[in-house]
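What follows is chain A paired twice: with chain B in the first complex and chain C in the second.
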Partner chain A sequence: MQRHWRIFREFFRTCLVEELEYRSEFIGNLLSSVFGIGIAILTIQIFFYQTDQLGGWVYEDVIILLGIFNFLQGLIDFALRPNMSRLLQHIRRGTLDYVLTKPVDSMFYVSFRHLVFWRLIDVVLGGGLIVYGLMQKQYIPSLSDFLMFVVSMFSSIVLIYALWMLLMTTAFWVIRMDDLSFVFNSFFETTRFPITMYQGWLRIVLTYVLPAAFITSTPAAALLGQWNGVTTLVSLVVAGVFLWLSRRFWRFALRSYTSASS
Partner chain B sequence: MSIQVNHLNKHFQVHVRQAGWADAVRSLFKREYKVVEAVKDVSFSIQPGEIVGFLGPNGAGKTTTMKMLAGLLHPTSGEIKVGGYVPFEQKADFKKMMSLVMGQKSQLIWDIPPMETFLVNKAIYEIDDSVFRHTLDELTELLELEPLLTRPTRNLSLGQRMKCELAAALLHRPKVLFLDEPTIGLDVHTQEKVRQFIAKYNREHKTTILLTSHYMGDVAALCDRVIIINHGKLLYDGGLQVLAEKLTPYKLLEVRIPTVPQMSWDEYGEVVEIDEGKIILRVQRDRIPEVSAKFLQNFEVHDLNIQDPPMEEVITLAFQEESHVS
Partner chain C sequence: MFRKYMVLLRMKYVEMFAYQLATIVWVVGAMIQPLITMIVWMNIYPQESDSFVLYFTLLILVERMTSAWDVWELDREIREGTFSYHIVRPMHPIHWAIAENIIYKGLFLAVLLPIWIIVAFFVPALQPHMDWAQWGMFVVAILLGAAIRFLFSYTCGLLGFWVTKVSAIYGVFEAVSLFFSGRIAPLSLLPPVMQEISLYLPFRYMIGFPVEIATGAVTGEAVGFGFLGSAVWVSLLLMVLGLLWRAGLKKNQAVGG
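Now for the complex of A and B:
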């Protein structure tokens, strides 16, 4: 663990150096992040002109949920998304061989080797939006609310990572990366709104099959004091199961890679 | 580290499809597979510190074998031991002892200086600061990397990049090194530099090196021993010199005389080239002393030169005359 943390820091450092080669991107990224979050808030306001709640959540609650969404999206764009295209390149050009000869866990390496740290702006803005939502609602979370929030955020991050890896691993067979990103985005966008907003089979799928509910709704509810211990525990278990699945799938993919490529 | 390979086999399942619509559609539902035997019953062993050339035409099975040795491919059957490890188990200890350099594939980070890649490797291989500095100093000196370390990789020439690739692969001081076409695409001068480096590194560190190359120059300069495979089968394993004698039982005799007379040279040897004041003949190895003496006796010889046939020729013959070699 400690060793992986050291390697991760080294990845971070080199990526920082890499990104500083293109400094002008900072401004562009900042503008697009601010613009993106502005549009998202506006969309929610438009909804609330028509109604005073979305699936039982009031305006301030949805703002907090949006903050969490933005926070997580920032993390995805920071650590996961940049690696998707690299993995495809590795597979196509055969440089995955270099990864596999290194004494480091290959799944760890391919998922965190490339970091686009400008995207952390979204994480910060998301955090800001959460605080803003709380202030608007004039709600101060208790210590246990906060602890539950931290635990469910943790499961949510693990879950996103596992789902992302499951998808990314299909890169061994699928050659177009745009399609893969699109599939993930379509799914992830559903977490922009409270899970209770969805009806019928869609809600069932998003709760039990692809557990979108645990990604933003559970942490937001926890922060607002509406947590329940069982749900939090379930979110941890679900995240663990998906992580285990993604690992199995990665191993399986590697086995077929190493027995077929030349 | 020593390398042991016993009765190694590797089969691939390849999807076969004819061109055309009908077949494209058919292959959606039912795929036909063909088994390709890339490596067939190959055995050899390499002693620690040895440097061995691995030769064969394209598609002979060189890279496949090398990938199995590096633990990247699972052998269909047979046994491989590299320094006591079974490569495909991919143990971290094994990975720390070996390194792979592929001339056509780069591990350097494109947009930033090579030094950054070195630092990433330092973290991954858990190299101590002092050891790292010492190794880097040594490699910098041997490969003349000093001016390259701080320039973005994308601004380096192919040759400069290759030197940095070698350095990146050697930072953790591997005991065994797999070099797949390390001089491909390099100019003659840089090829020579890379060769010298490999030879020197092998001498000083006793690293076991297995080298594949298309350039005979690499192999002739670096390896006393060669392993030749073709169509997945081992054709020859032994000294390069011995191979030359076996396959080309003649030498080239180049003689400089003031005027080359118009005459039959049959009793001397087979004419390769006649030029003004120069004649090159192909002469049986055991007849060399006799033919040389004859020249000295009958002509006013200015210079007489005995050469082995070029290595390219030897190897081309080896690929053709499979049965004659082994």
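Now for the complex of A and C:
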């Protein structure tokens, strides 16, 4: 664990050095992030122009949910997305061999080697939106609310990583695709709104099969004081199970990987 | 010209099949956002669920039939310099793009229409109630919408001769168009000011207007004004495209040296 942490810090440093060469891009990137979140808020306002609740969540609640969504999306774009296309290239060209021969866990390496720092702006903006939503609602989370929020955020992040890796690992077979992350985006879009908005079988699927419910709705509910221990526990278990699955799948894929060269 | 087009079409047809899987994933993925938006509206007005189902499935159809992607291609090709290959060919490069559009949309329609007919058999909400005149206007409005979106995207792409951030500029337009094209909400549900503005921007004529014709949300005089708006935008964009093309070629030679 400690070794992985050290290696991650090294990835962090090299990517930061790389990115600092393009400092002039910063303002443009900042503007585009602010613009993006502005559009998302406007969309919510259009919906709330016609209603005062969405699946039982009022405007401020949905804003907090959007904040969490933006926060997580920022994390994905920061650490996971930049690595997707590179894995595809590794597999296509056979350069994955170099990764496999390194004395580092290969799944760890292919998922975190490349980081795009300016995406952390979205994380900060998302955090800001959460605080703004709480202020609008004039709700101060208690310590236990906050702890539950942290725990469910943790399982949410683990879950996202596991789902992402499950998808990314299919690259070993589906090499005719430029960008598998598009598939993930489509799924992730569903977490932009409270899970209570989806009805019938769709909610069941989004809770148990593709557990979107645990990604944004559970943390948001926790922060608003509507947590219950069982749900939080379930979210941890689900995250653990998916992480285990993704790990197994990665191993399985590696076994069937035959290098591209000679 | 006709023979040239047949060859172009065949070329694009073969190209399309090479990336079958990617195409299918793109098409399915593009449906997700409208479907989520549909669910939002069905939550807000549960008693009108059926009309939202029809609105958003029509929206998906029209959105696909009018979709335009040339801005990304042009942006990349101009930046990397490969666009020069197109320029030296005896035919205006826009014909390649048009052929690609025809093939992609034709194939999509050939796949989607049978599915729609079968599903509509079981889901009455999907059956549009249109008379012949409406059908005719619907088709014309889609064609005009496709033309506007294509010209808009191509024009933005040509800006690549001058600026490097074309995709960022286009991204802003895309985001604005979400609201004014009827993708976030049927235009009648927007605040009145935004409805007013949407009449003067090109975005409504790209997607919202054809859908409104099909659902019967726009009738009588308003239809006439809608077609007038579409026609004005088509001719305006055609003019700008021509101007940019000529100016861009000069600029390009200057850079290529």
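For the reader, a short list of remarks on this structure follows.
We adopt the following convention: the second predicted complex is superposed on the first by the 253 of 262 C-alpha atoms of A that agree within 3 Å, B and C clash if a C-alpha of one lies under 4 Å from a C-alpha of the other, contacts with A are read in each partner's own complex, and residues count from 1 in each chain.
Assume contacts are C-beta pairs under 8 Å (C-beta built on N, C-alpha and C of every residue); 3 or more make two chains touch, one makes a residue touch a chain.
Just so we're clear, the structure is a prediction, and the values are computed from it rather than from any experiment.
By the touch criterion stated above, A:S186 is placed in contact with chain C alone, chain B being left untouched.
In the superposed model, A:T14 makes contact with chain B only, not with chain C.
Contacts of A:G94 after superposition: chain B is touched, whereas chain C is not reached.
Applying the stated contact rule after C-alpha superposition, one finds that A:V230 touches neither chain B nor chain C.
In the superposed pair of complexes, A:G55 makes contact with chain C only, with no contact to chain B.
Touch criterion met: A:F47 reaches chain C, while chain B stays clear of it. In the three-chain superposition model, chain A touches chain B and chain C at no common residue. By the touch rule above, chain A contacts chain C in their complex via residues 28, 32, 35-36, 39, 42-43, 46-47, 49-51, 54-55, 174, 176-178, 182-183, 185-187, 189-190, 192-193, 197-198, 202.
For chain A in complex with chain B, the residues that touch the partner chain are 3, 6-7, 9-11, 13-14, 17-18, 21, 93-95, 97-98, 100-104, 255, 258-262. Within the complex formed with chain A, the residues of chain C that make contact are 19, 21-22, 25-26, 28-29, 32-33, 36, 39-41, 43-45, 165, 168, 171-172, 175, 178-179, 184-185, 189-191.
The residues of chain B lying in touch with chain A in their complex are 12-13, 38, 63-64, 67, 70-74, 88, 90, 92-93, 95-96, 98-100, 102, 105-107, 109, 111-112, 116-117, 119-126, 152.
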